[in-house]
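Next, two complexes with chain A in common: one pairs it with chain B, the other with chain C.
On to the complex of A and B.
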């Protein structure tokens, strides 16, 4: 599927808005890929309003998440924690070879006492390394693994290409029927850009290499399928989309969609990789159907690495031509994505910079016999950021310009104010003014060099109308907010409660959020930072409607009209005369046994889109060992109304940690000769640990807009800032991530030889 | 110092002791033999009753064994295989299942399965259930049995020490042990204590804040 490039706000809607309508940008996540479209909505800004922020009690404040106590005490139930009567444990066998066919003899496995079912998962054709080929269900996970070992798999191996180099070589084994190397861009005429480059005062170029990164969610992919025959099933899924489950599961179980309920109480990380049932979900359904018993199937860690997605790697060859003032007049590039059997998310080059530049980019993908890439937090953007921010710094060094000045010159007019404000604030936070080596490295004798780097991000983060929310008020005064949505650890559950509590004048604990169940109101999948801008306006609308419905019941008790009422803390009173009031419990007692239920839908005017952020990193490079230590990371981010300052700060810092990890440590390593994945575990595939965490400081701008998602923006620029800081510190530009000590040493040696 | 960072070795493969009183625990060789029997032939022997792992001696274990584990102060009999890890025993064999302890890497590289064995943090995925016999096991569920959070758990909530929360029990157990040893632990000591724990959401800054705040609160309370 072709990925729509991020459409920027300055692009125009397709036609003028009809009377009483307006155009807004809507972010729609298609399998987690952020796709932005224009949508015409009612221009009526009536209905609920967020209201003045300085008067908010809960929303826009820093509040501890409501499920914190469950998470710190082990009570939080993740899908992998489900234990059901008669439940069996399943495991999948993955293909040892990247390409070929396999014949399976399952008899020995079936003969093991305690092994209850053994199934083949495909027709025996293998076109990527690690593809699941069989599954075993047994009374314990240990016995299921015995079953896997007892399966006799006879492979007929075919030549394979697991690396892009192998795949692009002449006479390479075919990976994709449309060709191993596919050009996706249509424009083939670079003459205008070539001419502009020819006239440029300076030219800067480089080839950047980006490894394949893994999501490495701590909870692996998987499901617990509760199907014991009959007409109903419940799927406990570790997923980013509650509603991506029932339809597919029903198909596998031979049921109707409405007969299957998906449950996602808590989930242990997805980062873009967990949508739909997946091969593992299909296998679990097949086993459950065969056995008539609940099946627990979570991938083991090695299979998670092999067969549960990744962030596409790539290679960017870029050349920029500058005029004598440092403005880029032309960018020519070849962008290659490495998405395995998939195509990879688009790497949007040129990224943000390059106003008025003539641009020619050839966009290609190279297929390999490896698992397809999937969306991963900010799909395509961190990759594009890595080469583009490096190119900007190299342009600055080539022109003798300050690292901020080169950015000011090359940002589009309508983006300059925002990003320069953020960059200058980052510069102040990280001590750029006092940094003595602004556009040339520290050439002193000191072995420890300190450097600073900058980078910026943008993302849509708008909402859409997929969420339906219900607020229930019971006669005893208890309140529930219900939505099928899922909480990935972002704090969804908490703001569902806080928005309702704010609207109804209640304490946070008085509202019970119930989410993660497909029998509740529909909700979008959590991809592309679309959850909070889609869900929170719907929650607000439902709470608003509940309040109005309650006022209807209460008004006669106070002898006034409903529109004369207002909420206070734990009470409803006459707005003009607050002493004329009724306590919350007494008001609800008037509801009768059925209580009250109010529905909410998306309110476009309560959301917005388009976030921007800047980050800076300060690193120390030991020129003797090449060791890189990140000392500080800072961020300045806008994102509309902050639903919970505590959770959003955690999410921003979390993105920065992930980017640090991406920039310095993470890389999938494959053996090109043997066709093996060499580091499918957490010892050899390293992610940042507690010892790698720098001092961190983040700030949010006071942003008057409605709610916008910012999860993606958080992860986009950090590694680029770190790589730039290494360059600033010691003069070495490491072109291929991860930026490691050995590459720094090689670069230092090259610099020495150059003199 | 380093027992937190690399917990279980001392427990899962004890140093041979001199003297006739040394009671060797289940040996690695016997373990593999036991596991091998199951894998190869599926011979499930009669449940071996064993109230004390030491009583196994160097003998080969095979099939299923009934062991008595002391978990969170209560004794519980579970029937496991010799190869069953303490982690899987907790999650899959206890009644009710103790699923607060998480399975993430299953090979001692992420810390999500950290529990306390006689007060020391160990990776329960690297500890055999049969080797936990005769020791006091404490899991995340045992920290706050009546729902009253410990100081550290409360600080985790106050400082947003969880995002997805899957690593949280392991971090809480590792840092709890650290603060039990030294409530005045420095940031460096706290980082050392949880340097074997991975968090993918990038929540470490808040975890450090929570741990330091808990340390301060514990000191002002004078211990627990």
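On to the complex of A and C.
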């Protein structure tokens, strides 16, 4: 039997809530039917609520990060900044060959005065280029480097495949025992899609190539292991997961997890590549155990490029069949992921679009003798976006449709309203209405040409219940919020303080956030944009419980019941009579020397999930040089409750910059014959700099939902919009990222020859 | 980097005394001179050179001087790129030199990098810069770029090495008719800057210029360019900081709307700054219009032989020539 939907008795509460009270909707059986009714309850009944946003002082406002001054002044301590008494410096030697075996003679290295320990890291089998094979600890970084160079590594090189082309070739050297090219999808029957394509009014196709991108975190992977023998160790780790460290390290040190403390005071970027100890962490533990001294091991930049992960590249061959109205009726694709020895993140094709279309996608991976890809901000989505948004524009041009109209037609019904609202807002912000090339690229002969492109993104961004937070109020009125969580530079530390300050009626500076230590309450690792939706409800809960506990102590002083109290700025007062009050310090004085401590856990109703965003880019193409100048990027993003508008704006802008860099510059380059990584440095692995950054506008759609993580959505569409804008500007579709001037010039020559 | 001894002499006599003998070709890299260090430090860190001794030139007085007399300039080897970029008089008289200096690297690099260092810097080819790739530039048998990933390599003057000369100042100063003052154990000599740079097919393939092991570049002299207009147009893939994919140093003397004299030198396309004499001659007597730009572009790139991945440099260099000439004609 289908349940009747819940019925609302009234749209609005019957009257404004009394002081200290609030209206909630509760489900009640009225005449045997489940009905929602309004009920006036104490403000605190039913647990914490974010409350009305227009009354917020700190949350949902734009506030500078509390750790900003420390970071810009250099006071902030990153793992690589740690200096401990007796500490030694370690370096990692990586394999010079992609495939083969190596024999190590460590004696010469050990003989160098100042070199304290030299260890082999694997059994001598090499199956990817740059795989760490040995580590050296010495009294200075320079001596550790000398030690590395003194290791005699004798390689027996075997044939290798460092590029997908090499790996897929006939008689290619074997990379994976299950085959170099593996089909991961199960369905092999494309007959239905083939039939639909056969009947389509128009067919549009292309093959898009996506390079391997690097996380390029400014702080490389690494740890400082403080273990001097005995039963306790502290690991200062550059990690996205404080709690991913103790267990890993304990195993290496021969300790119990509880005997190892992880410290992540500040970390210099991870973007998905920094979970757990990694080979470098294992090596540091081994060396510390051998020497009984603290070991500092941060990868050098070249090793970071070779052996610390990347975003999988890929190749997408897509074909869309359209009906005569521009609706895609069939999508056939072959999606190949390039994940090195790994298989790469899934590239979700078709991406968002393609409602009601018949879809057949063969999902494959090609293995190469290079390090495995890892998660990277929005895994798989930016790759899928690149080919899918290009396909959409090609469908529009083939059908003579406006670039927005093709999207309207092909978005699913339950997505259309959201994305079209966002796309149209982007269009308004970027000047689409005055743009003359809405349904065909500009093929005129002018020197400087301007084009516009659009793209959209989706992400889950929900939370989960792994966080435990403590709020402490001391007798002197000072307040601390404690959580083991890590701040990746996203503003976690700041909202820990602001949520508590808001709840307790305090200024931001009155709450000291203490995070990044595994002895504090547990917290989830920062992946998948889950940190804020997991942590912030837990912080809110702890703050809420602290307030209630304080009210218990204060109520007798004011001669009222605890639920009659409310907080004002720096005071606690009777809700119905605000003049009857006690100052914060005086209230806390009643706590006694132990102060109070309150715990918080995840509150599902304070979080939500599922974000969508749209972006647009306007570019100028110089047809004499092929130069692409991004003039404008705009973003419209929904994201539930914004914990800190300034931080969310930064997240979006950061995502847009990272996507711009991905689309226009970034690419791992390997020489297929020599088996060498040619650009494992910040000169030749090009990343956008200040002059590449366009005007940027960011708008949020405030929606009534709870907290949702949106950091990954920010990075998904930008490069696709830019590539589409280049095509719109000058007619050249660059199928392989990065979209660079040389490819535009070659494309323009080809267009000229075609006439 | 490998350990070395570090010395800071106070006179040029002492500097050349410390250098190897003029015929010590095989052991010349045992001593390296240090100016701004922007290139040398990278070479040391990557173990591309492992000198026993590094001789810092900064103790020698007067090497950073930048002086003008009757429109002609003397530029000391230790003058910084920033000093050139920021000198208003130089920018007025020799626009192309100031523009070229200002296009180098980043602000930090220009504050530290010197004229001598910029002219004598080693190639940026990623095979040359990779310690494991023992290419012909490093005494190996092969230019890996030739049959490899050569997007950034030469389309003119290549073989047996296909590097491009990385200096921005070099094409500008060659176009300005500069000469190099060189000091060696036997005294001073002067070389036209155009002859200072050597093609891999002419000089030693492991070097890019005529400096003997006992020699050091001391000063660049730039003649007056009264009546000339000039510019340096550089194309960078990443404009924040990058080496040139191609660049044009152009100078014109225009009389009555027509070119009376012209200098055209390309950067980023050849192992040396590439003087385009045929194009220069063709410019004389013409006014700058689309047809002139087309003809000059064709002549300038005559003989170009693109490799597998750098054919784009042809339209790019032509496009830059058009931009440079148009800019000078309308300035």
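Definition applied: the second predicted complex is superposed on the first by the 707 of 755 C-alpha atoms of A that agree within 3 Å, B and C clash if a C-alpha of one lies under 4 Å from a C-alpha of the other, contacts with A are read in each partner's own complex, and residues count from 1 in each chain.
Assume contacts are C-beta pairs under 8 Å (C-beta built on N, C-alpha and C of every residue); 3 or more make two chains touch, one makes a residue touch a chain.
All figures in this text were calculated on a predicted structure; none of them were measured in a lab.
Q: After superposition on the shared chain, which partner residues are touched by A:691: those of chain B (first), chain C (second), both, or neither?
A: both
Q: Once the structures are superposed on A, label A:18 by its partner contacts, choosing first (chain B), second (chain C), both or neither.
A: Neither partner.
Q: So, A:557: does it touch chain B (first), chain C (second), both, or neither?
A: neither
Q: Return the chain, chain B or chain C, that is in touch with more residues of chain A.
A: With both complexes superposed on chain A, more residues of chain A are touched by B.
Q: For A:443, using the defined touch cut-off, is the partner it touches chain B, chain C, both, or neither? Pick first, second, both or neither.
A: A:443 contacts neither chain B nor chain C.
Q: In the overlaid three-chain picture, which partner chain does A:169 touch, first (chain B) or second (chain C), both, or neither?
A: Neither chain B nor chain C is touched by A:169.
Q: Taking the two structures together, which residues of chain A meet both chain B and chain C?
A: 149, 683, 687-691
Q: Touching chain A in the complex: which residues of chain C?
A: 47, 124, 126-127, 129-130, 132-133, 144, 147-149, 151, 235, 237-242, 245, 310-313, 315-316, 319-320, 322-323
Q: Quick one: which bits of chain A touch chain B in the complex? Just the residue numbers, please.
A: Going by the criterion above, the answer is residues 64-65, 67-69, 71-78, 80-81, 83, 89, 111-114, 140-143, 146, 149-150, 215-220, 266-269, 271, 298, 300-301, 488-490, 646-647, 649-651, 653-658, 661, 681-683, 687-691, 693, 696.
Q: Of all residues in chain B, which touch chain A in the complex?
A: Going through chain B, the ones touching chain A are 38-39, 42, 44, 81, 83-84, 88, 91-92, 97-107, 109-110, 112, 139-141, 143-144, 147, 149, 153, 156-158, 160-169, 172, 191, 194-195, 197-208.
Q: List the residues on chain A that touch chain C in their complex, please.
A: Going by the criterion above, the answer is residues 96, 149, 622, 624-627, 665, 669, 671, 673-674, 676, 678-679, 683-684, 686-692, 740-743, 745-746, 748-749.
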